[in-house]
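Shared between the two complexes below is subunit A, which has subunit B as its partner in the first and subunit C in the second.
Now for the complex of A and B:
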């Protein structure tokens, strides 16, 4: 009986504290990265679309640069094998299909990076109409990947 | 028995206006929701129009003309049974069609109400997003999507039923929804009683005004029923 309890305890400790630690860490970091990008997306939307009268060129540049920097930081390494299972800040919503369609993933991810870089460039130009148009394209690129590789809310 | 055929008004003008505005705005909401990007702002506007149309339809179901009222076509078991036995007489929705009408309205209310609280984790959220936690909003977004799938299924069924009537029963259901008129065999018992034009106009204005008020309130985050947070402060570039 004692042995049995000990075995259960060991199993519990090893699954919660050790197994999948690296995977969970990757999930946690990528969830953070996307949340941070969304924070910056929200700032641009507030200034360029919701209240254009509040447009502040430097803040929009800063936000666009932040998004581009995260996009270009090599996020792919946060999608290690097996990370369609696990818990970062919360349970991951990565679809298993992600690992079966590497070409599609590469296409969506590089499309997204291109739009993010373009937005950073357009933000420098300071033309609100151009920024707004490019901002829309960025949003579509986020959505394209979510539609394909992110599990729907439950 | 053979009655002389006459033309009667089956669908009143407000109902037809509702129907075709709904078709256009739902089609637009579907396209804009699927495409995303900057169209999401227009998706939310189309959604608010749909909200107003639904509010109007629900009111019209109680104070509209005979064929528009829920009590006149609500598919009770007795009516369904009578219809399946071939004993149903009437000019509005038949009980089976009524079932699909009610289902469409319920699902539309579902997709619209959840949309008001939804968010896409990118740049968009409904006008009532601030009233709930992010967690609840995510849950609403999930249901927004599921109701949308159900809506698509019902819309396809609706179109198939119309095609079926056109092909196998040689009945054009679309034309009466455009003109309001339908040629029927004259039968006093089944002719709906029409109320005076003034009374209809007055009730139309009343239902319309209430619907506009509902949309205004929701578009403004629930005013005047919900205390609004102070407007965002002027943008200042943070020091660090």
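Now for the complex of A and C:
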């Protein structure tokens, strides 16, 4: 009975977000992951670049942890075959080239993970200059993948 | 010059996700945060309830960390006045009651954070029974808020 109640609870949490075609579900979840991450990137940018006087150590740690958690969450399963076509929350911007260059994808993903985890570490240290420098490296890792594998927006 | 390049990089990462009305942006980001979290909830459910034989300690740790990172990311700023109306990725399901019961909201948010952080801790321990029990508590915390403040889907 307890097991059943737990299953119901879990279903209540997770089912509704994941109706529809498998490819579109993957696209929806990755768009969500990146949007959530971008929000956290924006918070760090606001506090270490735009208005360093507003720097709040705990907020930056929380944001950096969120970025690292996204990076470590196994996003690769959300890039299944065929997901360069389809619509999650909106039409995907993934280029077909993504599936033709697996070694390059792996390299870029590894770079991104390394820089995100390093940022979470540096954020703990609380040195704004160090955070800013590492934030720049993360930005470069993001941009490298966008430039190669994401369709530009108008 | 380096600073300028960094600002461009950051803009490249974060701007496009956040165009539009402030209220709708908040709704979009929180829908993204919860969708990303629900995906991670689903992974834990799959590994400790549906198919415990597939349990992978590191994957469950990563998923639990992602849930905790969402919980700790300061979601409350995404529930600004007026955001019981509006459209992020889709129309919001937040009930107007949310803004009339701040003490209850605070209690439910505190419960959710505590259970999410405890799940991340328990996941590190690697005991499937403990993870399952704590996962149930997290599910109850999610459900308590959904029942009070989220419009039911058809």
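Keep in mind that, in the parts below, the second predicted complex is superposed on the first by the 133 of 154 C-alpha atoms of A that agree within 3 Å, B and C clash if a C-alpha of one lies under 4 Å from a C-alpha of the other, contacts with A are read in each partner's own complex, and residues count from 1 in each chain.
By definition in this document, contacts are C-beta pairs under 8 Å (C-beta built on N, C-alpha and C of every residue); 3 or more make two chains touch, one makes a residue touch a chain.
Remember, predicted model here, so these are calculated numbers, not experimental data.
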item: Contacts of A:114 with subunit B and subunit C, given as first, second, both or neither; value: neither
item: Touching partner for A:65 - first (subunit B), second (subunit C), both, neither; value: second
item: Per-residue touch tally on subunit A - higher for subunit B or for subunit C; value: C
item: First, second, both or neither for A:47, with subunit B first and subunit C second; value: first
item: First, second, both or neither for A:139, with subunit B first and subunit C second; value: both
item: Contacts of A:56 with subunit B and subunit C, given as first, second, both or neither; value: first
item: First, second, both or neither for A:148, with subunit B first and subunit C second; value: neither
item: Which superposed partner A:89 touches (first subunit B, second subunit C, both, neither); value: second
item: Those residues of subunit A which subunit B touches in one complex and subunit C touches in the other; value: 34, 38, 41-42, 45, 49, 59, 62, 132, 135-136, 139-140, 142-143, 146, 153
item: Interfacial residue positions of subunit A with respect to subunit B in the complex; value: 34, 38, 41-42, 44-47, 49, 51, 54, 56, 58-59, 62, 132-133, 135-137, 139-140, 142-143, 146, 152-154
item: Residue numbers on subunit B that touch subunit A, as the complex places them; value: 35-41, 120-123, 138-139, 141-142, 145, 232, 234-235, 237
item: Complex contacts: residues of subunit C adjacent to subunit A; value: 2-3, 6-7, 9-10, 12-14, 16-18, 28-29, 31-36, 38-43, 45, 49, 59, 62-63, 65-66, 68-70, 72-74, 89-90, 132, 135-136, 139-140, 142-143, 146, 153
